[in-house]
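Across the two complexes that follow, chain A remains constant while its partner is chain B and subsequently chain C.
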Partner chain A sequence: MSTTNAPAKPGRSLGRTLLQGGTVIALIALIAFFFAMRPDVFLSFTNVKNILFQVSILAIIASAQTVVMVVGDFDLSLGATSSLAGAVAAALMLGGVPMWTAISVAAGVGLLIGLANGFLIAYLRLSAFVATLATMTSVVGLAYLVTAGTTLFSLPEGFNNLGQGKFLNVPLPVYIAIVISLIIWGTLRFTTIGRSWHATGGNQEVARLSGVNVRRARLLAFTLAGLVSAIGGILLAARLGSASAVQGSDNMMFSVAAVFLGMTVIRSGMANLGGTMVGVTIIGVMSNGLNILGVNSYVQQVVTGLIIIAAVTLSSLKNRER
Partner chain B sequence: MNAALTTEDSSHTIALEARDIFKHFDGVHALSGAQLSVRKGEIHALLGENGAGKSTLVKVLTGLYTPDSGTIVQNGSDVEFANVRVANRAGIVALYQELSIIPSISVAENIMLGEQTPNRGGLVQWKTLRRGAQEQLDRLNQTIPLGKLAGELSPVQQTMVAFARALATNAQVLILDEPTASLTDTEIKDLFAVLRKLRDQGVAIVYVSHRLEEVFELCDRLTIMRNGETIITKNVADSNIDEVISTMVGRAAGELYPERGTATSTVALTVEKVDGRKVKDISFTAHKGEVLGIGGLAGSGRSELLRILAGAQKHTAGTITVGDKTLRPSPGVSRALEAGIALVPEERRSQGVILSATIQDNIALANIPGVSSFGFVSGSRIVDITRQGMLDLQIKARGQRQPVGELSGGNQQKVVLAKMLARKPKVLLMDEPTRGIDVGTKAEIYRLIRELAAGGTTVVAVSSELPELMGMSDRIIIMHEGQISGEVQASEATEEILLAYCYGKADSHVNN
Partner chain C sequence: MRKKFTGVVAIAAIAAIAAIGLTGCSTTASTDTASAKPFKVIAFTSGNQTPIGAWWVKAVTAEAATNGWELTMIQGDFDFTKMNPAVESAIGQGADAIFDGYTDVASIGSIVTAAKDAKIPIFAMDSATAVSDAFVTNITTNQQGIVDQTLGAISAKIGGLKGKNIMVIGHDPHPGIRMRAGLAKDALIKAGANIAGGDVQKVKSPATGRTEALALVADYLTAHPGGLDAVWVGWDDAALGALKGVTEAGSAAVVTGVDASSEAIAGIEAGGNFLATIDQPWPSILKMIDADLLAYQKDGTLPAKSFIAVDANLVDITNAATTTPSDKL
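On to the complex of A and B.
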C-alpha cells in the first residue's frame, strides 16, 4: 500500500493546542475556580500544604501504577497491596518487632506480591486483568487475616512520626513522595531497565526482536510496583496512626485515574510520570476544593469517575487528530 | 507526454475521470494536476512510487478528501463527493489492503452490509438477505457458505466477500489498493479470474500495486504518477517494466541491482542440521561478503529459518556457528545479537519499529548495551548513533525525535536497518527487505546491502520476488516444506529453475 502522501506535520492550530494542553488547562481552571469561590482559604499556605499532604500517598501509588502502565499493563492489586503492607507493619510492631524490621518485612511482602503478579503475567502469560484481580482478592483476604478484621492502632510514636512529622513545617510524606517519584522518573528515563519498559510498552514483539528481555522487563515492573505501593501503604498507616484491611483500596482506582489523566498531557499519549503527577494534583485539588465548598464525599467519587471519562475521551480525540 | 494523455477516442465509455486535481496538506502539494481516466470494462493500473500521490488521488475519488481544485466527471457529468457514503452510492468503491469485512458476523450479512437490512417489523428477513448475498457471490463464481462467520474465511475468501459487498452496492468503479499483498500465488490467480470477469461485466477497475509483474499480467492500461502529477497513461501492451520503472523514478531504470563480486571464501555462518517449527534438517554455510538469497513459497519455512538464526524462535536440534563461535541452542535474540547475528524482520510495522516512538528511541532499542553503562543509558550516545545511522542510510525525517509512524515506508525500513546496523553485525538477516517500499528506495536498499557485503558483512535475505532474489544475491537457496530443495549461483539462476525448486521438484540441476 502506498503510504500517506502528505508527510504528517504537527498542527499548530489553536484547537489542537487546546486539546494538547487540555489537561493542564483543566487543572489551572480548577485551581482558578476554587480560588474564586474561596479566595481566603484555597490558596493559603496551610491549604496548599494540606493538598500536598493529602496527595502524597496517592502520588507514591500512582508512581507505581505508572511503571506498570508504561510497560503496557496495569495492576489492580496495588491498593490492596498497600493496605496489606500497612497492616503487616502495624501487626509486627504491635507484636514487639522493632520499627525498621517491621517496615522492611512489610515492604518485602509488597515486593513478593509484585513478583507474583509479574511471574503470572510475564511467564505464565495470564492477562494482567485476571492476574491482578485474583491477587487483589487474595491480598485483601490476607489483610483481613493480619488485622483480624479490625483496625490496628496504638502504633509506636516513632512510626507515627514518619507520617505525621514535619520538616520545615512541611509534612514528611510530602518529601518522601517527591523522592520516590523522582527516583522512578529517573529510572524510567535514564536506566536501561526504564528504556526496556518503554520499548515493551511500545510494542512487545518489536522489543523482543530487538534483543530486549521482555519477560524480565515486565516481571521487574510489577515487582517494583509492588514494592513502591507497599511503601505507600506503610506511610499511610503511619499518617493515620492505624491500619485496616481496606484503607488503601481507594488509591487503586485513583492511581489508574491519575495515570490516565497523565497520558493526555504528552503528545504520544503514553503513560509518563510527569503527567501522572499532574493527574494526582487534579484529583487532590478537586477533592480538597470540594471539601472546602462542603460537598459530600460521595459526590466527589461520582465526579472523579466523570473526570476519568473526560480524560480518556480527550486523549482519544487527540489520537484521532493525529 | 501530453499526447499520451489524450489518447481517448470515442469508442470507449469513460466511467470516471479526474481532471487537473490539486490537493495540498500543510503547505505540501500532494497532488498538483493529477489526471486519471478510467473506461468502463477495463482494469487500469495506477502506478507510482510511495508519495507519488496515488493514495491521495484515490481518496479524492472516493470522497475521503475534497480537492483544492479540479473536477471529477462520472459518466459525462461533473460530480462532487462530500463523503465516502456519497461516493459509494454513486457506485465508486475503494477496497483497501486492510480488508473491510466484519469478522464476527456472517458472510451474508457482510455482503449486504451497505444495504437496508430486509426486515418485517424489525425481524430480519434472512431469506431475502441470503438471496441478495448469493446473487453477488454468483456473479463472482464463488461458493462461500453464507452462514459462516466472515472471520473464519481464508484471506482470499475475505477479499471475495469484500468484492461481493462492493457489487451489492452496485459498484461501477472498483478501486483496489494492493489487493494481493496477503495472498498466495494460487489465490492471486483466483482473484485475477474474478477481476477479469468483473471487467467483462463492464465494471471499471483501478488497480494500485507495487507488483509490476502482476500489472503486466492483469491490466489493460496504466497511469503513472510522480510527485503528485500524472506523467503518462498508455496501453499496457505498448509498455514494458523497464519503461514503467524509469518513468516512475523519473530517471533511467539503469542498474536497479548493483554489481556482485564481494563474496570471499571465508566462512562466516555455518548452519548444521537445524530442526525447529516448520524447519527440518537445514544445513548451509554463508561466506564473508556474500549475499545469500533464500527463496521458497509462502509457508515453506523461510521466515522461520531466519527467526531461528536470530534467536527469536527455538530450535530443537542442530548448531549455528558464527565465525568459529558456536552458539548455544536457542540462544535468544539478545545473545544472537551479541554473537553478531541481527534480524531485520518481515513485518515492519508490527515487528520492526515502534511506530509511536521516535527515531532515536527505536534505534536505541536494539543498542541498549552499547549506549549504557552501569545500568544507565547515555542520551548523548543515543544521539550519536542515531545521527550516524540517519546519515549512513540517508533517512529523511524532520529530526531524531520524529515519531517513526510519520515516516514513509522506505524510511521506516531504513530505521529498522539503522537499528540493527548500529550493532555492527557479522551476519545480517533480512526478511523481505523491500516489501511495500517504492522502487527508488528499493534501489537504495540493494546498494546498501551490497555495500555492507563489500565491508565484510554476510547478508542472508529472504524474498518472495524471484527477480529480486536473482538480482541482489550471489547465491540462492530455495526452501520447500521446511527443507532446502535447491541451491544455485545467482548468475546461473533463471525463474524456471527457481520455481521448480520452489515446488520441490529436485531435478538434474541439483548436484548435492
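On to the complex of A and C.
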C-alpha cells in the first residue's frame, strides 16, 4: 500500500483537481479569508506562534489517532488516557516523586492502556468501538480517583516549563509536537512495522496471507497510540500547570476530526500523518481566526462540524471515483 | 464414635442458641424500628464528581447519621438518564422528604412530578436561580451580590469601569453561571464599560473550560494587544485559564472568578493578575436546610420561604490566607 500521491494526469478536469486538493485548498482559503479580514493580526509572528501553541497538543494526540486509523481502527480512549497520564504525573510529583520518574510512570500508564486496548481488539476480537469505549469509561473513573475529583496544581516549575517554556521565542510543546510527528511519520513510512500497519489497514486478510502478523501489528498500533497520547496529556498538564480528570477530553473528538480531514488530502483516502497535520492546522486556524473575528463559540462548533462533514463527503466522493 | 456424636450435638446446640439470640436481637431491633419509624430522606445530586458535590455527599451523609435519618443517597455523575429514574424508583418505595443538591430544576422535571404525585416535599440547595414551585425551599447564593462584589473589586483596582475594556466569560448550561454572567454584562454596560468581543464569551464545556478560556483571552489579546483591562469569569477553573492567557500575553488585565477553589486562592495570594474570587457559604447553607428538614420531621412544618439567596463573600489578597477553599471543605 502506498500513501504517495500519484502525479496528476494531463487533461484532468478542474473538478477532479479541486476534489483531489480540496482540503489543502480549504486550508489556504481559510488562511486567505482570515488574513483578508485581519491583515494586521492574522499572519503576524505572535498569532502564528499562538496557533501553533494551541494546536501542539492536539497534533500529538492526532498523531496517535493516525497510527490507529492507519490500521483501520480508531481509539475513543485517547483523550481519557491523556487526561489520566497528566493526572498521574501531577499526583506523583505532588507526592514527592522526582519529575522524570513521574513522567515515565505516567507515560507507562498510557502505554499499558494502549496495550490493553490492543489486546482486547487484536486478540480477544472485540470491536475497537466497544473496547475503547469501555476502556475510556474506566480510564475516566481512574482519573477521578487519581485526582480525587479536584484539580491538582502547584506542580514543579521544571515540569511547568515543559509546557510553558520557550526556545527562540517558540513554545516548547511546538517543538515536541514536531519531533513526535516526524518520528511517527518516519515509522509509518520507512519501517517494517509501519508497512505492516498500512497493509493491515488496507485489507487484513490480504495482509495476513502476505505474512504480516496482523494481530501483533494492531496490538503495537494501539500500544504506541496509548504512549503518545499519554505524552500529550503530560504536556497539557505542564501547559496548564495543573491536571484534572477531564481536561483533555475534547482532544479525542478533534483528533478523529483531524485524521478524517487528513484522509482527504491523499489520493488513497487513507489516514496519513501529513494529512492529519493539515487537519490539525485547519482546526487550529479556524478556532483562532473565528476567535479573532469575535464569532460566538457555539457558531464555531457548528462550522467545525460542517467542515468535517464536507471533508468526509469529499473523501467518500474520491473513494467512489477510484 | 459416641464422642464425635456428642461434639456434633454440642455444636448444633450452640448454633441454635446463637441463632435464637440473634433472632431475639433482630426482633428487638425491628420492634424498635417499628416504634421509632425512621425519617426517610432521598438525597440526590448530579454534581458528585465536582469537589463541592463530593463534599455535599459526605456532609449530607454525616448529617443523616447524626439526625438518625434513613438516607438513600443517589449520585448522578451528570447523567440524568441514570439519576432521574433512580430517584423516581426511590420515591416509589416511599420517603418523607427529598433533598436536591446542586441539580438544576430544569433537569429534574420527572422527579418533581413523581414527588408531587407522592406528596413528598423537595428541599433544595443551589438548584434554581429564582423561585420555583418544584421546591418547598431552595437556598442558594445571591448572584447579584456576587456580581456587585467582583465588579466592585475590579473597579477599585482599575480606577472605575467607565470606558474600560472588560471580557465576560460564561457558560450557559450552568444556570448560576449563566445568570451571573448576564448580570455582569448588564452591570458593565450600565457602568459605561466596553464588553470585549461585544457579548459574553461562552465556554462550551466545563471539562475544557480552562483551555477554552485561555484560547479566548490569548486570541483576543493577539487581535487587540493591550486591549483588556479586566476579565470577569463566572467560575474559577475558567478564570485560571484566562489568567494564563493574560499573563502569557504580558497584559496587566486583572481577572476575577467565583468558587474560592484552592488554586484560585493560591493565585490571589501570589499577588499577580488574579484579583479576587467568591466564597459561597455552602456549609452554612447546608445547616439552614438541615434545620428546615428537622422542623418538617418534627411536626410537618414547611419552610417559610421557598427561595432564599444568601450573600457570598469576596476573597481577595486581604483574606485569602484565612479562607477555607471550596475543594477543602
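The criterion applied here is as follows: the second predicted complex is superposed on the first by the 311 of 322 C-alpha atoms of A that agree within 3 Å, B and C clash if a C-alpha of one lies under 4 Å from a C-alpha of the other, contacts with A are read in each partner's own complex, and residues count from 1 in each chain.
In the analysis below, a residue touches a chain if its C-beta (ideal position, glycine included) is under 8 Å from a C-beta of that chain, and two chains touch if they have at least 3 such contacts.
All figures in this text were calculated on a predicted structure; none of them were measured in a lab.
**Student:** Go through the superposed model and pick first if A:Asn291 touches only chain B, second if only chain C, both, or neither.
**Tutor:** After superposition on chain A, A:Asn291 lies in contact with chain C alone.
**Student:** Taking the superposition as given, does A:Asn272 touch the first partner, chain B, the second, chain C, both, or neither?
**Tutor:** It touches nothing on chain B or chain C.
**Student:** Going by the contact rule set out at the top, does A:Ser181 touch chain B (first), chain C (second), both, or neither?
**Tutor:** Neither: A:Ser181 stays clear of chain B and chain C.
**Student:** Touch check for A:His198: first (chain B), second (chain C), both, or neither?
**Tutor:** A:His198 sits against chain B, while chain C stays out of touch.
**Student:** Have a look at where A:Phe190 lands relative to chain B and chain C in the superposition and call it first, second, both or neither.
**Tutor:** first
**Student:** So, does A:Gly211 touch the first partner chain B, the second partner chain C, both, or neither?
**Tutor:** It touches chain B, and chain C stays clear.
**Student:** Answer with first, second, both or neither: which of chain B and chain C does A:Ser56 touch in the superposed model?
**Tutor:** It touches nothing on chain B or chain C.
**Student:** So which positions on chain A get touched by both chain B and chain C?
**Tutor:** Overlap of chain B and chain C footprints on chain A: empty.
**Student:** How about chain C: which of its residues touch chain A in the complex?
**Tutor:** Within the complex, chain C contacts chain A at residues 49-51, 54, 197-199, 201-205, 207-208, 210-212, 214-216, 218-220, 222-223, 237, 240-241, 244, 248, 261-263, 266, 327.
**Student:** Spell out the part of chain A that touches chain C in their complex, as residue ranges.
**Tutor:** So the residues of chain A in touch with chain C come to 38, 41, 44, 46-47, 50, 54, 144, 148-151, 153-154, 164, 236, 240-242, 244-247, 249-250, 287-288, 291-292, 294, 296-298, 301.
**Student:** So in the complex, which bits of chain A are touching chain B?
**Tutor:** Within the complex, chain A touches chain B at residues 1-9, 11, 190-196, 198-199, 202-203, 205-213, 268-270.
**Student:** Under the touch definition given earlier, write down the residues of chain B that touch chain A in their complex.
**Tutor:** On the chain B side, the touching residues are 24-26, 28, 30-31, 48-56, 96-97, 177-178, 181, 208, 210, 228, 310, 312, 332-334, 336-337, 343, 345, 350-357, 361, 364-366, 368-369, 372, 375-377, 379, 403, 406, 408-409, 419, 436, 438.
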